[in-house]
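There are two complexes below, and they share subunit A, which is joined by subunit B in the first and by subunit C in the second.
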Partner chain A sequence: MGAGHGHKLHFHGHSPVHRAPAHLKVLALLAFAVVVVATPRDAYALFAAYAVLLGVVIGVSRVPPTYLLKRTVVELPFVVFAVLLPFVATGPQTEVLGIGVSQHGLEAGIALLVKGTLGVLASLTLAATTEPQDLLVGLERLRVPQQLVQIMAFMVRYLDVVGGEMQRMRVARESRGFSARDPRHWPVLARSAGALFIRSYERGERVHLAMLSRGYTGRMPAEDSRPGVSGP
Partner chain B sequence: MSTPVLDVRGLAYAYPDGHQALFGVDLHVHRGERVALLGPNGAGKTTLVLHLNGILAAGAGTVAVSGLSVEKAHLAEIRRRVGVVFQDPDDQLFLGTVRADVAFGPANLGLRGADLDRRVLHALEQVGMEEYVDRPPHHLSFGQRRRVAVATVLAMEPEILVLDEPSSNLDPASRRELADILRSLDVTVLMVTHDLPYALELCPRSVVLSGGTVVADGSTYDVLTDDALMRAHRLELPFGFDPRTAVPRPCGGGAAVDSLQPTPTSEEYP
Partner chain C sequence: MHVPDGFLDAPTSAATGAVAVAVVGVALVKARRELDDRTAPMAGLVAAFIFAVQMLNFPVGAGTSGHLIGGALAAVLVGPWTGVLCVSVVLLVQALLFADGGITALGTNIVLMAITTVLVGWVVFRLLQLVLPKRLSLTPAQAGVGAFVSVPLAASVFVVLYALGGTADIPFDTLLTAMFGVHTLIGIGEGVITGLAVGAIIAVRPDLVYGARPVLVQRELVIKKSVVG
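Take a look at the complex of A and B:
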């Protein structure tokens, strides 16, 4: 059930999209992504259709579009790349707003932007409507190898812990008058990252010790103990 | 006397880097006892704890749990018998729900289905956390996580519960609640702690480890009132606390446990 304030990407709700089984949602996302990527890049009508379809799903899920749009910032590096493409690509030239750019580069850039945005939005919709725990159970049902699911489970579990540690380190840095305003401060950030890595590594060791102490022998106990699979 | 639950003889250990942490430790804990393991930082307390369930292997000497020696051949049974609760509950609770975490130990012992569910719920009832069974551990308060960490070990029905700094980072109310829980359990306890009032409150007997050897073993009251011993081993009572004037807790909750204690050493509170 969860406490309703799960992960940062998760938007609590009870829409049909929220309630749909996680493994179906994962499959749907996968299929959607493959189809979008496989579509020829000049089939703009199709892309419009995909966008409408995605819009309908988001509408049904009642997740506010602004909530999703704010989180599309992860796409930023790709956007930069897509914007650069028309300038660095070679081939026949064309003019946009009086600036000469590469015809191929322009098309490739637009296609990259459109496909990327569709994929990111669809992924965010999945994340917003599915609790991380359910997602893991869904992946397990899709027969994703145990080890991979376990690694993801550890990530979900410790993301907040490591995030909290990072936050505390930042507060401790800033409490001593530090702020990373220019590149001269980057070495400090790099050392913080290193310290965080060591701390996380040591925590990993301690978690492993605690697991060994409870009889762990290198294999997770069978499905029964997986959250959501057993019990009421 | 009966076989001790914990029988440590001449235990010595040096870390791979050459640093020697233990120099011949002798320790016996009998069934039903609650023993505090005291000592300054770096005394080797944690190293000793890691020997009790075979995480570290003795360099010299032996460790036996209820007559079964700690060695590779029966590590699984040793780890069932010795339940270690680590200091940071975030190290102990690593799964997505309280239920899965408490089930982890007994599932490793081969329990499944309804038996497993019963174990999990019983362990959570013992620490008063049964209503949180389907919550993710990272949404619980620190005190609640500490209690769930105790339950993850209780679910394995250990013969001895080893707690590393159980009262650290707890607020006074959580600290008292945990004390009530520990008193109510029918299990032998070895508790590593710097919280001397807590040791006096919960453990009739104390063992002082310093410089890798046992330097004192007696009633907690006697240890805490031995000023020379305390000073020699960097043990200090918190400001304003004097065991001579501390009011013993009115007996309650743990009557069944108290009757099990073969060595009622420390009933001599003034």
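Take a look at the complex of A and C:
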């Protein structure tokens, strides 16, 4: 299988943010998110400062802001929750556009939106500027257990393979005239999921045997030089 | 549905983070017993499978659709500890490479979706397996019930966490009723699909299903007389 570089969110580039060591970026993201979460919810000036800081990092990274903004849709379910908050929370009431809403709910909803969006944008920036392979090396430097990093490495490496397999199953189903519309079609989809599991599991067994035949002893060889990674 | 940053306050996030680290640590040791030196490639591929299956949409009707969480499915297919590891790695990858779920909420997400659903699904599954007759044909239904129970329970754990460290004062019982109700419905889907998927795998490769092994060893090789004559 081809090298596992590049994933859906990665935006190729050579900016200082792209080149920064991955473990520092993960630590920076964690620190940023912790500070954002711990900030009292009415400190709007501070949130503005965080947004500016994040904006500067994104600017330096040369990743187009629209590229990131488009991908903030992952937080959509919680936007719905945040919008509902003023109407379901209790406490003193206040008026917005002539509608009575809970004061605490309104503040909490806004804070949730602000904190959530800052967090998602910061995570997106990490994902857009870091190759999965660098991220794994970074996590290893952060003393994440070797075993966990290895599992993650295999997952990242075979994500597209397994995903592609699922995609081909979908094409095969649809080319036979199948389209899932309601729960009556669940058995077909569930059988696809079952077949996908068997294929993934058997692939895992083959990968393991192939590794054993190349001298695998349960530890990966130290990976400091990565030839061929600087591809186009 | 991954919890984003800022949904729970910092102390609660830190506490769930500590719980997640401890349980994943235990799972790392125990999974080696389930998989020995195959752990890394096998768990990695199963994690990729869980990630893919979460993208498989199941239409509910009227244009809406849902997808599996896959915790109970993982528990029955590869064993509870490997299951915890796989789903945790999926959540870690989603947080770091797909910006799905906040990094400060990673512990919370692991506690809810990797630990609660996997372990609850497994315990319910095992209890049913011990109580009911040991028949392979019952395994998919038992897995389905485990998956069904795991979803509203995970939602309840979320409500408890929200009561402890939530950022808005929603009455506890209102939130619990709403979350429990909605997730019971979601749990039905999760249960039915998990049961169907486990059934499909058992029909082809029953030896791959970790949860079916105690039932499988009791089978004997039967040589039937040929009916062709």
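In the analysis below, the second predicted complex is superposed on the first by the 173 of 232 C-alpha atoms of A that agree within 3 Å, B and C clash if a C-alpha of one lies under 4 Å from a C-alpha of the other, contacts with A are read in each partner's own complex, and residues count from 1 in each chain.
The rule is short, and it goes like this: contacts are C-beta pairs under 8 Å (C-beta built on N, C-alpha and C of every residue); 3 or more make two chains touch, one makes a residue touch a chain.
Small disclaimer: the values here were computed from a predicted structure and weren't measured.
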| item | value |
| --- | --- |
| Subunit B versus subunit C as contact partner of A:215, first or second or both or neither | first |
| Touched partner set for A:156, first subunit B, second subunit C, both or neither | both |
| Subunit B versus subunit C as contact partner of A:21, first or second or both or neither | neither |
| Which of subunit B and subunit C A:104 touches, first, second, both or neither | second |
| Which superposed partner A:133 touches (first subunit B, second subunit C, both, neither) | first |
| First (subunit B), second (subunit C), both or neither touched by A:37 | second |
| First, second, both or neither for A:194, with subunit B first and subunit C second | second |
| Between subunit B and subunit C, more extensive residue contact with subunit A | C |
| On subunit A, positions contacted by subunit B and by subunit C | 132, 153-154, 156-158, 161, 203, 207, 211, 216-217 |
| List of subunit A residues in touch with subunit C within their complex | 7-9, 26, 29-30, 33-34, 36-38, 41, 71, 74-75, 77-78, 85, 88-91, 104-105, 107-109, 111-112, 114-116, 118-120, 123-124, 126-127, 130, 132, 135, 145, 147-148, 150-159, 161-163, 165-166, 180-183, 185-187, 189-198, 200-201, 203-205, 207-208, 211, 216-218, 220 |
| Residue ranges of subunit B in contact with subunit A within the complex | 50, 53, 55, 76, 79-80, 82-84, 86, 88, 90-92, 94-97, 99-100, 103-105, 107-109, 112-113, 116-117, 133-139, 152-153, 156 |
| Subunit B partner contacts - residues on subunit A that touch it in the complex | 1-3, 5-6, 132-133, 136, 153-154, 156-158, 160-161, 203, 206-207, 209-217, 221-222, 224-228, 230-231 |
| Interfacial residue positions of subunit C with respect to subunit A in the complex | 1-2, 4-7, 9-10, 13, 24-25, 28, 32, 37-49, 51-53, 55-61, 68, 77, 85-86, 88-90, 92-93, 95-100, 102-104, 167-171, 174, 189, 192-193, 196-201, 204-205, 208 |
